[in-house]
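In what follows, structures are represented as structure tokens.
In what comes next, subunit A is part of two complexes: it sits with subunit B in the first one and with subunit C in the second one.
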Partner chain A sequence: MPSKNQTEIVKRKLSRDQRSKVTAILLLMPAVIFLLGLIAYPLVKVVFDSFSYSHLINKTLSGFAGLNNFKKVVSDEHFTQALINTVVWTVFSVLGEYVLGLGSAVLLNQDIKGRTVFRIFIFIPWLVPIIVAGMTWSWILNPDFGILNNLLVNFHFIKTPINFLGDKNIAMASVIFINIWRSFPYYTISILAALQSIPSDIQEAASIDGAGMFKRFFKITLPQLKSVSLVLVFIHIIWTSINFDFIWILTQGGPNYATETLPLMIYRYSMKLFDVGAASALSTIMIIFMTVLFVFYYKKRSQLSESAM
Partner chain B sequence: MKMKRLLSVLISLSLVAALAACGSGNTASSGTQSAAGSTTAGTAAKSEGKTIEYWVSWTPGADTEKASLPMFKEWEQKTGNTINYSVATYDMLHDKLVTAGAAGNAPDLAWALPEWVGEFNNMDLVVNLTDKFNAWNDKSNLYDSVVKSMKVGDKVIGIPYEMTLRALLVHADTNSSAGADVPKTWDDLMKLGDYKQKTGKYPYGIAATGVRSPQELLVYLAQKDLEIATLQADGKYKNTWKDNPDQLKKAAEVFQFYKDLIDKGIVDPNSKTWGWEETDENFATGITGMYVSGNWLAERESTNANTMKDVQIAPIPYPSNGKAATYMEVKPMFIFNSSKNQDEAFDLATFVASKEFQEAAFKDRSPRSDVSTDSKWCKDFKALANDGIIFPPVTLGGVTKAMIDSVAKVLHDGMSPTDAASWLSDQINASLKDTNELSEK
Partner chain C sequence: MLNSKKQTRINHIVTYFSLALFSIYCLFPFVWMVISALKPKAEIRTANPTFYIKNATFENFIKVLFDTGFVGFMKNSLVVSVFSTLISLVIAIFAGYALSRYSRQQYVKVTHIGMLVSQMVPGVLLLVPLYLIMQKFKLLDSYYSLILAYTTFVIPLCTFMMSSFFDTIPYSLEEAAEVDGCGKLKTIFTIIIPVSIPSIISTGLYAFISAWNEFMFGYTFISVDKFKTITPAIMLYRGANITDWGGLMATSVLAVLPVTVIFLFLQKYYMSGLLSGSVKG
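Right after this comes the complex of A and B.
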């Protein structure tokens, strides 16, 4: 136990600046512990496991694996399809969400009656929990007792029900459509906020100068949305490409792997085949993709910030 | 200034404490319930008793839950222990148990499927109950086949809580409208091509995805006297179809049967992507004329009274050159190695397997020979017990996935039945090799 005198000496030795640094470190400590324990450690462990033989059942498999886990997953007969599916799922989901979000935000930015009500209603799909949205859509699209097929058949648009989630030619499109339906409100609200921050006098000046509606949109409105669009698109590219739950609830990667993406493949390797090494190798591949994407985003973001200065 | 520093230190400490609390092994996890039905967050075990973490997979609100909860209360009062139960579907339960078990944080006791026996044993997640089981007086009231299915080698690793067999459930009125008799063989089934035209319903159903799909395939293979993995002299397993042309031919005939069911309009083409959720629902709501399922569908007599009133029970159709077989599903309760309450968990498991509990909650589908009823859901099902088959006690994750994929290859990709049989044989052996269970003989 330090004596009172010793404590006084320590106190006197620390300058005001040093004391505030100590306080800052103390305050940051919980966040640092959290980041190290729940993010850094699992990340490092996954990368480590991807170069090791690690199997939950076969204990004879252990030690350094080199690139064998990577070779195993890349040579999996479903890997190429899963990679293509991940790209298709991500690109078309984000594209659809952006177009629909932008369109609805522009409409909701107009001075129309009941605008507040529309704004509230449009946000509802995003508020619905994924499990509820997924289960509801799978019932709506069911070929035997789904309401959509019932309506389409009864109004003579089609002769026989369509198995939207069970036909491998249209299952991915169906899943993407449902994902767009659920996610576009997030874009709507974000873009709407950005639209409302554009000074109206710029639009008015352009209008006086003879710029038409489309010219004003493409020359004034859209460039003003560049920053928010970049953030939205890149965040959603990452969120969508690593998404597991939505596809799992709707199709579990089926029919016959038609909607299996890389995250579902990781799940298959870890929870069905118990091959932690191979699952980690796939995860590492995804981490590399995501890192490249983030670097690209960071550079773009920096360029935007510099040009705004 | 002093106060400011003190405050900042206190805030830091409280944040650390909060984070530590988040990661602590508190037994009262969110979403779990006590036998009384109230959430247990914040409740502690009785001072003299222990809290038993018990993971189950009943349908919330259905008869099994209604009958079990008062029994749980009774056990709690008798022993002074508390049951902290969580409910999840079997798929979720499997993944939760694997991850919790690997992290050394598994529950004390959990329901399980027979397909998990091999893999949980190989993962060394579950307790060897042989000594406790041998000392259990009530064990003589279990069917021999039930006890056998709880074993890996000579080791008992589970206590059974439910036994079901699969049978052909028939909507008798729909069959009458079609002028169809109950099919006894695959050939009889294939003659029902005009059933849909006459009734607007498909005569039969298959599950081509999910946990039910490999169970159905296992039965059709067994009807041809085939095993997916055969025990070899070295104590390990192997799929032997490719070593024996006759076996490969028979396996190909099973895949041809699947193909014919679709091609001849005996099953709905959409069933290529159905799991048990759709097939059971379609039978219970009368969309399908006949389907192979279990006696849990008795619960649908109350929810679908109109469509379930004409249900008859018959043996599963089998090939003319084969034999009768059905899937016997004996569901075990496992006690986990990480449990600190293994004695109490065993006491609870044997209470659930007791005559009193079984008569209350599992009276039509009990693994006990002294619990049964005169209802068709019990009597007619148990009459098929001699034809019951089970999965081999190997790690089945990769094997059952390959079984599902093999059916998909035939029905979706148009792979020939012979190629599918050959592919499945290779995949089963590859999976056994991955898990170090493949015989080198």
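Right after this comes the complex of A and C.
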């Protein structure tokens, strides 16, 4: 009887499907618990807290605050400055990192001896803790005993030592420079991997057709790097704009708030002023910015992968 | 081949020269760190620092190792990093397997997107609520708070790294075991894990380095020296008035040593694993 046989197959298949469903859920469970408990819930709580009065020490403070927290942080005398600082810090860091990353990746893609050694050298800054990178650089840049000022003065580039991290006009540039030093190796490795997957016969064909080195680079190599560049730049725009450690370690947002970005402002409100409501309002503002960025990125990315197919 | 011989030679020279410049830029701070750590105080606090060390000394290292809480801080870092690495590995292997083998199921798809989004959520925005959660469960000033936080933030990328490797393992390997009546868990442990060792190493390395290098949570969650990890502890060495730069540089050398040594041995695994994860994510 074929019909009975069929139902049996369906039955067995169903139970097999169900079984694999249960297996999948069980396997994902631990990860999901962690992410729900320590990322999703806190995320919701931040948004919720931004509309309520809340204090880290004084637990009696509570209740619905409406938009008061937002008003408070936006009217903070350093808010506009922090916003500008965040944009400057992010744009110039990512720009510098991309240029250096692309340059070093193209160099490492040449067929030369000792490539592996150079690759390891260039990757090392990315490996060390930010605190160590920060401390070492502040020692190098030290106005009294630092080696850089000493070299610059001895070679007559400058007359008197520069207080790289203490001068409010230069501090931001110094911090960005150090951030680029530490972050560009990640670009190098990613772009290098992309370069190595470009088939070399395209290059050879173009070269035979008489395309010069620069023309080949701009017409063939760069377009091939479109998708890896998009991923790199967007991820780093987010990673950089929310970075707290670097600036905190180097300048703590000083001198006179000259390097205070939004994440440092969040820290100031939460851990110094203990104002959870205001800190959450700032976080919420950043979350909104980042959601917009993410949606834009996601659209761009699916566009790219569609056109690639 | 493509260019004339002379041109190739010029190309090589330019390439080597530029790579040398990049290497100096990348390595100079470390060289200077080591030189400073080996200098006696008189050569540190001078307006004319030199690359040459007149009286090389280990006094900075000895002072750091014996007079400060350094050994304790390193131990704390090690405990926190090892445990968060182990936990995130187990979680990432399971989740990565599910992402790879059951990718067509609705739950799995949703979880995948959830992980992509989680990867984008930065720690600093969650600092306040996480602090409050840890405070509520009385986990501040303990290893648990850091282990929980570090594990959570590496789960997405670790999972992607594992699942993109599992994608390359042919399913036929498991079918044989399944016919023999092996349960899923047993299949994972006896068939999948043994062939995934390189990938597990690179994923573990990523988790370990992330935990070892983390600063912000260690700085805010821990206020007592007993549980302080090495990264926030280094901040302590920078005194309010006079910084002991020699000691600070010696501490830095010792703090980067473990990670650097592990990396140099396993760098091949590390880079390829990192890339496969980020391409997928």
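Just so we're on the same page, the second predicted complex is superposed on the first by the 290 of 309 C-alpha atoms of A that agree within 3 Å, B and C clash if a C-alpha of one lies under 4 Å from a C-alpha of the other, contacts with A are read in each partner's own complex, and residues count from 1 in each chain.
In this section, a contact is a pair of C-beta atoms (placed from the backbone, for glycine too) under 8 Å apart; a residue touches a chain by one contact, two chains touch by 3 or more.
As the structure is a prediction and not an experimental result, all values here were calculated from the model.
*Asks:* Is the arrangement of subunit B and subunit C around the shared subunit A a clash or a fit after superposition?
*Replies:* These partners clash in the superposed model.
*Asks:* Check the residue A:Arg268 against both partner chains and state whether it touches subunit B (first), subunit C (second), both, or neither.
*Replies:* In the superposed model, A:Arg268 contacts subunit B only, not subunit C.
*Asks:* Please work out whether A:Ser207 is in contact with subunit B alone, subunit C alone, both, or neither, and reply first, second, both or neither.
*Replies:* So A:Ser207 only meets subunit C here.
*Asks:* Should A:Gly101 be classified as contacting the first partner (subunit B), the second (subunit C), both, or neither?
*Replies:* Touch status of A:Gly101: no partner.
*Asks:* Would you sort A:Pro42 into first (subunit B), second (subunit C), both or neither based on which partner it touches?
*Replies:* Touch status of A:Pro42: second partner only.
*Asks:* Should A:Ile249 be classified as contacting the first partner (subunit B), the second (subunit C), both, or neither?
*Replies:* A:Ile249 contacts subunit C only, not subunit B.
*Asks:* Per the contact definition in the header, classify A:Asp144: touching subunit B only (first), subunit C only (second), both, or neither.
*Replies:* both
*Asks:* After lining up the shared chain so the two structures overlap, which partner does A:Trp181 touch, if you call subunit B first and subunit C second: first, second, both or neither?
*Replies:* Once the two structures are laid over each other on A, A:Trp181 reaches subunit C alone.
*Asks:* Of subunit B and subunit C, which one touches more residues of subunit A?
*Replies:* Of subunit B and subunit C, C contacts more residues of subunit A.
*Asks:* I'd like to check the shared interface: which positions of subunit A are touched by both subunit B and subunit C across the two complexes?
*Replies:* Residues 23, 27, 30, 34, 56, 142, 144-145, 271 of subunit A touch both subunit B and subunit C.
*Asks:* Please output the residues of subunit A touching subunit B within their complex, sorted ascending.
*Replies:* These residues of subunit A touch subunit B: 19, 23, 26-27, 29-30, 33-34, 37, 55-61, 142-145, 163, 165-166, 168, 252, 254-256, 268, 271-275.
*Asks:* In the complex formed with subunit A, which residues of subunit B make contact?
*Replies:* Answer in residue numbers: 5, 8-9, 11-12, 15-16, 18-19, 23, 94-95, 98-99, 102, 119, 122-123, 209-210, 268, 270, 272-274, 278, 282, 285, 287, 395, 397-398, 401, 405, 408-409, 412-413, 431, 434-436.
*Asks:* Flag every residue of subunit A that touches subunit C in the complex, lowest number first.
*Replies:* Residues in contact with subunit C: 20-21, 23-25, 27-28, 30-32, 34-35, 38-43, 45-46, 49, 56, 100, 103-104, 107-108, 110, 112, 118, 120-125, 127-133, 135-137, 139-140, 142, 144-147, 150, 181, 185, 189-190, 193, 203-204, 207-208, 231, 235, 238-239, 242-245, 248-249, 263, 266-267, 270-271, 276, 279-280, 283, 286-287, 290, 294.
*Asks:* For the complex, give me every residue of subunit C touching subunit A.
*Replies:* My answer: residues 2-3, 11-12, 15-16, 18-19, 22-23, 25-30, 32-33, 36, 44-49, 90-92, 94-95, 97-98, 101-102, 105, 107-108, 111, 114-115, 117-118, 120-133, 148-149, 151-152, 155-156, 159, 184, 209, 212-213, 215-216, 220, 230-232, 234-235, 238, 245, 248-249, 252, 255-256, 259-260, 263-264, 267, 271, 274-275, 278.
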